[in-house]
Amino acid sequence: GGESSSSSQGSNAAAADQLKPNADLSQQTLQVTVWDGYTPKELPEKVKAKLKVKDLKIALHETNEVAMAKLTASGDSGIDVAFVSGQYAQALNEQGLLEPIHPELIPNLANLYPEATQLSYDKGNKYSVPYTWGTTGICYRTDLVKAKPTSWNDLLKPPAWAEKKVTMMTTERWLALPALKSLGYSVNTDKDEEIAKVKELLVAQKPHLLTYDDTTFGEKLTSGEAVMVEAWDGWCPTTDPKGNIAFVVPKEGSDLWVDTMVIMKSSKNKEAAHALINYILDPEIHSWAAENINYKVPNKAAMDKVQIPKGSLLGIKPAELLDGESIIDLGQASTKYTTLSQDIQAK
Amino acid sequence: MLKIDGITRRFGDVTALDSVSLEIRQGEFFALLGPSGCGKTTLLRIIAGFERPDAGRVTLEGEDLLSMPPNRRPISLMFQSYALFPHMTVAKNVAYGLERERLPRQDVKQRVGEVLETVGLSGHASRKPAQLSGGQRQRVALARSIVKRPRLLLLDEPLSALDKKVRADMQLELKRLQHDVGITFVVVTHDQEEAMSLADRIAVFDSGAVRQVDEPVALYERPKSPFVADFVGANNLFPGTASGMEALKSGDFGMLPGTPLTQLEAGAEALLAVRPERIELADDSATRGLKGSVLDVSFYGGVSHISVEVPGHGKPVLAAVQGASTVQPGAKVKVRWNAEDAVIMAAGR
Amino acid sequence: MRRSKLLYVPFWATYVFLYLPIVVLVVMSFNSGDSAYTYEGFSLKWYGELAGNERVRDGLVNTLIVATGSTVIATVLGTLLAVGLARHSKSKTLDAIALMPAVLPDLVLGIGLLVFYGMIQLTLGLYSAVLAHGVFAMAFVAAVVRTRLANTDTSLEEASRDLGAGPVTTFMKITLPQLGPGIVAGALLAFTLSLDEFVIAFFTIGNSDQTLPIVIYSMIRFGVTPEINALAAILLLVSFTAVIAGQRLTKIGESRAQD
Amino acid sequence: MLVPLALVLSYTVFQRGRFGGIVYEFTTSNFARLFDPLYLGVVGNSLKIAALTTLIALLIGYPTAYLIAQLPRKWKTVALVAIVLPFWTNFIIRVYAWIILLSGPGLINSGLKALGLGPFELLYNEGAIVTGLLYSYLPLMVLPLYATIEKLDPQLREASANLGASAFTTFRKVTLPLTVSGVLTGCLFVFVPSFGNFVIPELLGGSKSLMVGNLIRNQFLAARDWPFGSTLTLALVAVLIVLLIAQAWAARRA
Amino acid sequence: MLKIDGITRRFGDVTALDSVSLEIRQGEFFALLGPSGCGKTTLLRIIAGFERPDAGRVTLEGEDLLSMPPNRRPISLMFQSYALFPHMTVAKNVAYGLERERLPRQDVKQRVGEVLETVGLSGHASRKPAQLSGGQRQRVALARSIVKRPRLLLLDEPLSALDKKVRADMQLELKRLQHDVGITFVVVTHDQEEAMSLADRIAVFDSGAVRQVDEPVALYERPKSPFVADFVGANNLFPGTASGMEALKSGDFGMLPGTPLTQLEAGAEALLAVRPERIELADDSATRGLKGSVLDVSFYGGVSHISVEVPGHGKPVLAAVQGASTVQPGAKVKVRWNAEDAVIMAAGR
């Protein structure tokens, strides 16, 4: 069954295994779970050649939620390294499922921006290593908007020309984000009155939406079905050849999201897991992510190598990103957001 | 009223009906008689509308039947295999046809009650078909088709599963329906006695073709062909040639007394038929008759059948006498008959 | 018996309804543009891309293995279950329980099985997915077969017993053929459900094995591309060929049996 | 089979851990939450959508199955396979095909535009959800129906016609009652997955309306509240079991 | 060989069999005769193992049958509803039982060929049951059960759908099987002539109980009860009281001549039965006999039935004469019989 979550923060480090820096990796097999297209196709071959691990197998998950279900359902999911977003890494750790990071086995941690070691869900990268980061904003058609959006309110109370041409994300924390920010609240608030206000705003917004959409909003913009959508920076197709799509972080501010790499406590190949993370932090490899999936990576050495194409959002600096508020798991209170999202959908 | 004209129906390489023509009169009780598989059921199914003929016409009082959907035809068919609705009680099965006529409920109930009374199943009204015996099912099927009092009633072996008593009751009932309600009946039966006693006219079928249509006595006493002579009732047949006189010229037995039914040229191949009950068993010492010895005596209740081996004749000669017979197997006898009790007909089917 | 012409309206409506989106898919697979929505011109390029896609190929193989394996399990067990329930039990509760996997949300069944496999320490692989699909499709087969069994004539089975056949032979030679169309319908259903099933497979299959639906789910993160449409078109082609070949084979088999 | 189920359902009496997972402390609070008007409303909405889908599926599935059962043997198999063939592609792809068909600039609207009509809002509403569900589960209606109709003795229909029943009456009084078990099975097969579906409401309904399936999915995946998710499942299963027992009962009577 | 002992079977409130006991001998041809719904099929189904009795025992040569599964019983049952396997051809249906015995293929093929020849269906071997006529189906069912040559063969109305000719052939065939192969037969039939002519002994059933078990002639000539007298063959029954002499004392007609079957105390309620063929139609002017007038004359082929209304007697008196009769309805006649041609028995069932 599921793991008891009685353990408190930080107690995991003490229980950490002793890892051998010189373990024979050729005896170890790695099983990784990651979003599709999030790592280079040839990663397994490269890793096998470079690290001499016996094998590297990639499993793919569609969303954080699904990965979480698989990782928590049974004692040993058979997975060594998982890619999940920051707040999910936090939740996994709270449930005692993560192996503390052994920095001595990952010399490439030094490549990270200093800012990337101070992320609020895991200060000091105790159990997670950031892979990509970014923010959320409004992605829009420059040729179809009558006025450039600047505020979350442009999305929340769409003007007449945007009627039924606006989409929002429902992955629940991002559903609330625009309203929270426009009301000046924290993205991590657990105050019932604030959430109630948010609900009011979103319920009022619903009739004016084209639809809720977490995945294909970019496509809706290109096809012209939508003119303005809530979007993660990397998924806003600003590099579209027609050059009519732009991204803005509204003036009220936004979030900072991070997708991280974690090592499962149940892993029997922890040395190899560390070696893999270290290898990924190699600028050569890590820059691939920025170049191919349009998400910035928190790796200074890697970003320095990247040719930033015209219109790309990769140029946003870490300091700007840190203006965003990092989403953390709220424990029991996080169900309030599920309820919020259900309340709105059921209306 | 019902005119069947040149109906042909083939199933693959089987010709179930081969250009059958018949005319059935208003109010008539008409029987179809014929060996198993000769096409009787197929003919009824065509009349009722469940089988399309490959050729031919069927009219009911001048109206073309074939172009009418089955449920519009004023015809009831009782299926040989009953086709009772398994999910309905006996009463519901019987009421089904009446309900289609939108009769008032009370009337339906009453008529169903009456007909169930008639077929002796009043006590079984609320049973499902699966809870009935074979004969009871058959009676439900009968009740279901007669309760509608259609202009034309087609019954496919309606009484085959019934014992003599119930059968006699049902026969009376059918007769009454014909009389009182004026329904025209077409009944398929393999029971010749039934056909004989009930029907106004009988059509004898063979291999999809009509061999003879006649009134019972005529059919029995004056069969037009060897097939009919042989099929309808028991008969003793002797082959030979016509003699131009009241006798058949038989190779083995010389002249056999008999009455030609039609003008037969002397020397034409012919057949003499004599009924078992017309045969007299005379003492071995009698002057006239064919010599033989008793092979077997079987008692049929009311009548005994005596088979006599006559040297020179392939099949034993059958004689019927009333009551239990006193002849013993092995006894030497002579079989004989009178010229007026035997018929002579042309050979061929 | 004559059939009402009116019946043909819903009949053809059904097929039009079923095939309209399919036609759209196939047409769009020849799109030269990148969009799955707007047709820009004819091209086979997406078929070329697909040809090089190893994951799709592996996924297809895995899917067929899982679907075939689970269909066999589901058909055999489901039929036995249905017959057992119909002939030897009067309990409606048992009936209902047997159908449970069909009524459980797939997500719950998937997680439940995953937890269960974890409990009995079963390492996940293709077979665990085969088993999982087998369990869930079994309920469907059982229900379909049960439905057909509802009013079969038991006197046929009696006749068989009377002629000296034991319960097993009677089942194989008489009951099964009687149930034939029900079993075929059930097996078709099981195969179809398994081919398409994503959630249960996701949770119960080994980490690095993937069925096609899992591959496709991750591929359509950004919506459908013509490449996916091309994949659908190829799947259709394969299915059509398999069905026609199957028909031919059974026909040959039948004509042999007639001799 | 029962063990995994029992396992999940046993969570109903426990609590969610602070960060997900399960705390094995007994509670009945999950059941209390069930009666929140929010959830009841969702159940009502799901019932409505699933029932509508089932009804339409029955209305077009029955005649289809009926005609397939009457076809010559050769065509029977072809027609039957043609029913499931689209389903050997992929569920999600087919759903997307409907997006292409129904969306604002989509095919149907383009067609209507050529006729001077529309555009209509065909996508992201309950109509689109019903269409998608219908499309996904129609074969589940046709197959069991076919299996029962095929078995019907044609003489019974003949007898009915002979007794004066029109084609419709024959259907109503003879064919339908004798195939009621198939109808019930088909309805169940369509109703159940429609009731519990969450993908179609998301993709075709634009997540604008919620069904029980979304609720359960959200509890298991988003809220990571397995105990409450299990409780919702139990409630769902309870509803369906009632339907199943009703079905078994009706089938036995038929 | 087969001993049935106190078998009772109830369906809800219907008692289909009420403590039935019978003993059937090795090699015997035993017939069950009785009205529709009296429990005949139920009894066969119990012997074959498809119905469990509520009470009673059945043993076959001392061995308890009831504890044996149906397929282990050395018994073949031919079902009243045929129960042919619809998915198998005629040949496959017939071969089914032999294949279960793991006979070599060649043997199976040969025996199937032979038996199909016997029932006249050689040409239909590769048809499916749905493509056969009613009578053809029945013959397949018959072939299927006789091909196994079991020790005991149970036939439920085996010939009811057949015409006289085929039926006679089949009857001969059954007799031959009994003789040559030594099979014991239990045959249900509603056809009394068939029972009479085929069976060594007949059991008459009524409402689930055995009324009389006897040889055909004995049953016909010396019925032990009014039910049997009435059910087996036609009979004319007169109620009255025993006179202590060779006559019945009838209220309406005075003394009627007849032979008491058992010792009857004078004055006890009794019944006189006289067969139609024993009745003589005498001229109105004859000295002896009951006065009446002819109601109806029906011709049954071979024999005519004349019903005579006798004032004072509820039902018309039935007389049978050979051949077509010359009496006309309305004619005044006297009916009479000899004392040795009528039996007197105690009243009651």
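First chain written, first letter: the chains are A, B, C, D and E, and each begins at residue 1.
In the analysis below, contacts are C-beta pairs under 8 Å (C-beta built on N, C-alpha and C of every residue); 3 or more make two chains touch, one makes a residue touch a chain.
Keep in mind that what you see is a predicted model, and the values were worked out from it rather than measured.
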item	value
Required steps from chain A to chain B (each step between touching chains, minimum)	2
Chain whose average C-alpha position is farthest from chain B's own	A
Between chain C and chain B, distance of the C-alpha-averaged centres to the nearest whole Å	56
Between chain A and chain C, centroid-to-centroid distance (C-alpha), Å	36
Junction residues of chain E - those touching two or more other chains	81
Multi-partner residues of chain D (each touching 2 or more other chains)	7, 103, 105, 158, 161, 167, 178, 220-221, 226, 254
Touching two or more other chains - residue numbers and ranges from chain C	1, 37-38, 111, 115, 119, 151, 217, 220, 223
Interface residues, chain E side, partner chain B - complex	11, 33-37, 40-41, 80-81, 131-136, 138-139, 156-157, 160-167, 190-193, 196-197, 216-217, 220-221, 230-234, 275-278, 298-303, 305, 320, 322-324
Touch list for chain B against partner chain D, complex	48-50, 69-71, 73, 75-77, 79, 81, 83-87, 96-97, 100-101, 144-145, 148
Chain D-touching residues of chain A, taken from the complex the two chains share	1-6, 63, 65-66, 68-69, 72, 90-91, 94-95, 164, 170-172, 206, 209-213, 223-225, 329, 331-332, 334-335, 338-339, 341-343, 345-346
Chain C residues within the chain E interface of the complex	153, 155-156, 158-167, 169-170, 173-174, 177-178, 180, 258
Chain C residues within the chain D interface of the complex	1, 3-4, 7-11, 13-15, 17-22, 24-25, 28, 36-38, 92-93, 95-97, 99-109, 111-113, 115-116, 119, 135, 140, 143-148, 150-152, 181-182, 184-186, 188-189, 191-192, 195-196, 198, 212-213, 216-217, 220, 223-224, 228-229, 231-232, 235-236, 239-240, 243, 247, 250
